[in-house]
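Got a structure for you, written out below as structure tokens; questions coming shortly.
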Amino acid sequence: MLKVQSLSTNYGNLRVLHGVSLHVSEGEAVALIGANGAGKSTLMKSITGLLPPRKGTIQLFDENITAMAPARVIRRGIALVPEGRKLFATLTVQDNLMLGAYHRYAADRAQLDTDLERIYEIFPRLKERRAQLAGTLSGGEQQMVAVGRALMARPRLLLLDEPSMGLAPTIIEEIFAVLGDLQKQGLTLLLVEQNVRLAFAMARRAYVLETGRVALQGPVDELMANKEVKRAYLGKGYKEVWE
Amino acid sequence: MLKKRIITLGLLLALAAFAGSMVGCKAAKQAREKGTEAAKNIKEKVGGEAKGEAIKIGAIFSVTGKASFLGEPEKKTVEMLEEQINAAGGINGSPIDVIVYDDEGDEAKTQELAKKLIFEDEVVAIIGPSRSGNTMAIKDFMGQNKTVLISAAAAEAIVEPLNPWVFKTPQKDSYVARHLLQQMQDAGITKIAVLYGNEAFGQEGLKQIKAYAADHGVQIAAELAYEPAATEGDLETLLTKVKADASLQAAINWTILPAQSIVPKKMKELGIKIPLYQSHGFGNIKYVEAAGDAANGIIFAGGRLLVAHNLPDGDPQKKVLVDYKEAYESRFAEEVSTFGGHAYDALWIVVNAIKEAGTDKAAIRDAIENSTFIGTGGVFKFTPTDHNGLGMDSLSLLTVKNGSFALLEQ
Amino acid sequence: MSLLSQIIQFTFSGLANGGTYILVALGLNIIYNATGIINFAQGEFAVFGSFIMITLCMAWGIPAPVAFPITVLALAGIGALFHRTAIAPLKKPSVITMVIITIGGSIFMRGVAMLIWGKYPQRLDPFIDAPPIRFMDAIIKWDTLLVLVIVALVVAALYWFFEKTVTGKAMRACAENREAALLMGINVDRIVLLSFALSAALGAVAGVVYTPGASMEYGRGPYFGLRGFEVAIIGGLGNSVGAVLAGILIGLFETFSAGFLSPTYKEAITLALLLLVLFVKPSGILGKAEVARLKDF
Amino acid sequence: MDRFDWKPFAVLSVLLGYLFVFGKLYTLMLLTRAGMYCIVTIGMCLLVGYAGQVSIGHAAFYAIGGYTSAILTIRYGVPLWGGLVCAVALSCAVAFLIGIPTLRLRGHYLAMATLGFGVIVYSLIHSSIEFTGGSSGISGAPPLTLFGTNLAEDGGIFYFLFVWINVAVFMLLAGNIIRSRPGRALMSIHGNEEAANAAGVNTSAFKLKVFVLSAGMAAYAGFLYVHYDGFIGANSAELMLSVIFVAMVAVGGMANLWGTLCATVLLSLLPEFLRRTQKVKAADLPDFIHNSLGLSDTQIFKLIQKFQELDVLIYGLIIIVFMIFMPQGIFTGTADMFRTLARRVRAVRGKRRVSDAS
């Protein structure tokens, strides 16, 4: 479905990605892990067109979407839940969700209310808070809005950038449960996570990014067994905590 | 260690450079003085006969900025005169070169320009500035650097206290105030409101009205200031106060701001029936046009330039006024204003003095102090103690009739 | 003239002035809402609007109801041009850069206005040339009433635009978070362009309603701008309802302080009020504390 | 950044020495005024560039300094140094009082508040006719004398030297402040206030100190100004001057002392450069222009008049152009430009070589 080939991206004058290649098949959940500054968020931005790459190609199905403007990328079915949520803080929850469907507002107006109801079914808490300003919500609720907003775009591929960051464990569980359900219903996921345990629990395949390059890749089980991965990302006390 | 030594060395070098330059400066200054002396000698030897070498006269006007309606006609006038004078053979054969600069109504700029004219362009005298505030900014400076300044601004403070090097051509504010107050006295008006623009011209005008009001038995019941940026609404508010006081018999509006047109209009709108007096700042037909019907009947004191054609043939100024008016109007296709006249007078006074005394600055000053000149502002009679040279009779009471200026019939 | 009729007279003068300020402030708010920029050239839009209207009506003899929309459209174009040439080329503007560049823009536009329309004040005939209403001793011009009606209509239209339409919300979203707005598929660039056009058009309306029976000169821009800032900030930056209230408040405060206190220190008094609001409640009189916390003061 | 860099000082000294000896008197006069502005903008650079606090009201402090000293020395016969102390003290006190509430604001709100403050001061100076002379200003302030020499005499060459030595001293001072521990804290404010606070730096106290310091420097410049020409008017407090000060810092590259210095000198000389274009007259134009345009003398005169008024416009344009094309300031901007140019030249040459080879 998504095919990234030897992608290089600069941040200002600094090259952050050095020829990254990866692919995601339809209906799959793929995890992307790596240390801070490895280029995960940059990769997300390159795919969505926020940060046009310098070299390489990005293909969605058979179409080349390299360096396409974000507004066109989202029309082709890729939505991103950005790092740090990036809500419209002084707009209401409902307005935030509605803006998620901005690109199909004119064409699909009749459908929007149904879609909104669906989001409220997924996150009942948001329905209670629909008229509240998004910036006044708790972190977990904000993340729900962010995910809900991305879903309002009716994406075929959902990119998630650190959805668990700074959230309480119960909330993380709730959100990941929702993501799991969505994936089972056929949504393709590309998940960036610092919390490798979570990522590996959700995904079937994973890529490990190191200083802008793909260091390792493969099925999650294989990577779990890899000593490097264990040492670098799962932590020393991993075994004790996990089992 | 090395770093410290380098720093010290650097500082020492800097000090040495300063010290060296101090010494060097004195030498340079001496050289400079010698140079100018040599130039002077050459000039003296050749005398005024050196054809082709232009005599430089400086001019500073507010061509742009808030007071541009003063500076623009002044600049046009001076450039027109320059051509006329040069076409007629210049001064004793040497052409004049009038260097006009724009001070944008800003005092700091005026100071810079005065310096530029004296030290860079080396002019023999300066005319302008257009605004009183700007003139005050260089009054001391002109005295210090011993160069004649003939201001085209009105404020009394320019020539009082007297600076030996500073003159002015517009009629004194106090004459205007006294004319207006006299007219009021004749009309039996005893209680008035004074509106004024909160800038140099208006502030000075208020001062003069206050100084002479009692002499004419006129009581100032209200002093109402408005800012240069005053809106219609602001003026409406002030005039509402005028309207509220039924005992007021007249109002003076003293300013050079656009409010000269707005005040009469607002008075008409609000149904205020008392007569309106304005200052000599009203001497530009554009204000009458902007005020429309409401301008009719306004009384003000001004130079006779505005009514040049209506003057009796025996009037000594008539020829000067008509000539200037016709030349200006045919050339620039716009009506003449008294402000251009002030510059006209200033330039001619300087030119006449140079004709008589040559290009020595002190000689020019002395020549002006003992000169008479029939100009647009009146008949100037300068003395070492009177640097304006005009009397009360330089002004006439004027009014607006059917949208144009006319002498007020007593 | 009784005290009561003075008060009535002052009230209408104040409202007429306030109406103009509201329109300038709303223009500021729109750009602020879309970009987070305070446009220091906003006052110049009003001046341009006024001058274009004057040219159309007085020099070319086009009737006012026709000239008005033409003026508004022309200013929308100028606003868009201003954005394209001065704002859009900036890659990563900081607040200071934006402040300076819009100030540069205002100086530039002032120069252009002077070049085109000259330095003398120019006037515009009143829209409704009928004898004014006399009420007690006060005189109320028809044009004043027209101003109030126009302001009310514009405010209502803007409220509807920002609260009820998705484009309006998208505009607000752009100011909140540019990157997220991009991710929503909002064409941020076009929205910002639209906001400048809209804002300039509002400036034109402000200039046009200010001028009839009055006059305009090229140096008025900073005055409009300053009053616009006062109103926008006292009402709470970006808050349209607040701007309306603050505009009325400032307009009245200004006339009453000039009428009953000192006309000389009116400027200082009104600005002191601005500082007071900034120090005590920077979110403005209507600003909600929770919104304030979400913004960067 | 961390070490004292003496090189620019050496260049400055040599330049000044050269100008002092060989410069034309009028040039020195212009540079004297520019030097006064430099003293203001060095303080502003610390405030805007390093502490990240915009102020569009610094002309107010400049005017407060000038007026205080003028009023005291002229009306009350206070000696010059007394005028100086009072001018700086009053300005600092006002800055302190106004700074406490103002500096709590950020971004546009700070800009607005300082702008409001500046206009208030202007309007007070302008309207208090009895006290400040209103629009006519105050004239007759005694000239600055040092060791019995009247510095303003002879067109003020010694004033030039004195002002620029002051500028150098303030540059040293500012450099030291930036390199000191508080200075590094200052820069952290610009970068990240929360982080600075977390690191135990009292950011608001620093901001206030810098604000007061810059106000004091502006007042000092105002003092130098009023005792140079003996005159001060309300225009010295005008909004436009405040704007120009900020523009100077911005064109200089915000957090760049030497850039600010250069930008200040350039921008204060700018009107002078523009003025040079003003001396065109209708008669000077060659005949073919008259003939080919088919215009009368009057029309041509009008046309020229129009173009001579362009300087306001050009000033605005320059600000915009600088902000767009050299947001990093005049120094870094020029360097970057050359680098890009060099890269392009190299690229072109490289291509040529490739094509030659093939």
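Here are some notes:
Here the chain labels run A, B, C and D in written order, and each chain numbers its own residues starting at 1.
The definition used in the following text is that a contact is a pair of C-beta atoms (placed from the backbone, for glycine too) under 8 Å apart; a residue touches a chain by one contact, two chains touch by 3 or more.
Predicted, not measured: the structure shown is a model, and the values here were computed from it.
Taking the mean Cα position of each chain as its centre, A sits at the greatest distance from chain C.
Inter-chain spacing, taken between the CA centroids of chain A and chain C, is 42 Å. Chain centres here are Cα means. That of chain B falls 31 Å from that of chain D.
Chain A and chain D, compared by their mean Cα positions, are separated by 49 Å.
Inter-chain centre distance (chain A to chain B, centres taken as mean C-alpha positions): 73 Å. For chain B, residues touching at least two other chains, in rising order: 64, 198, 225, 227.
The residues of chain D that reach two or more other chains are 123, 127, 309, 311-312, listed in rising order. Under the contact definition stated at the top, not a single residue of chain A touches 2 or more other chains. Contacting chain pairs (ordered by label): A-C, B-C, B-D, C-D. The touching residues of chain D, when paired with chain B in their complex, are 3-4, 6-7, 9-10, 13-14, 16-18, 20-22, 24-26, 29-30, 33, 123, 126-127, 129, 134-137, 139-140, 152, 154-155, 157, 161, 165, 168, 229-231, 233-236, 271-272, 275, 278-279, 281, 283, 297-298, 301-302, 305, 308-309, 311-312. Those residues of chain D that touch chain C in the complex are listed here as 48, 54, 56, 101-102, 104-109, 111-113, 115-117, 119-120, 123-124, 127, 239, 243, 246-247, 250, 254, 306, 309-320, 323-324, 327. Those residues of chain A that touch chain C in the complex are listed here as 48-50, 69-71, 74-75, 79-80, 82, 86-91, 95, 98-100, 102-103, 105, 133, 135-136, 149, 153.
Residues of chain C that touch chain A in their complex: 166, 169-170, 172-173, 176-177, 179-187, 290-291, 293-295.
Contacts from chain C toward chain B in the complex involve residues 1, 6, 9-10, 13-14, 16-17, 114, 119-123, 132, 137, 139, 141, 210, 213-215, 217, 219-220, 223, 251, 254-255, 258-259, 263-264, 266-267.
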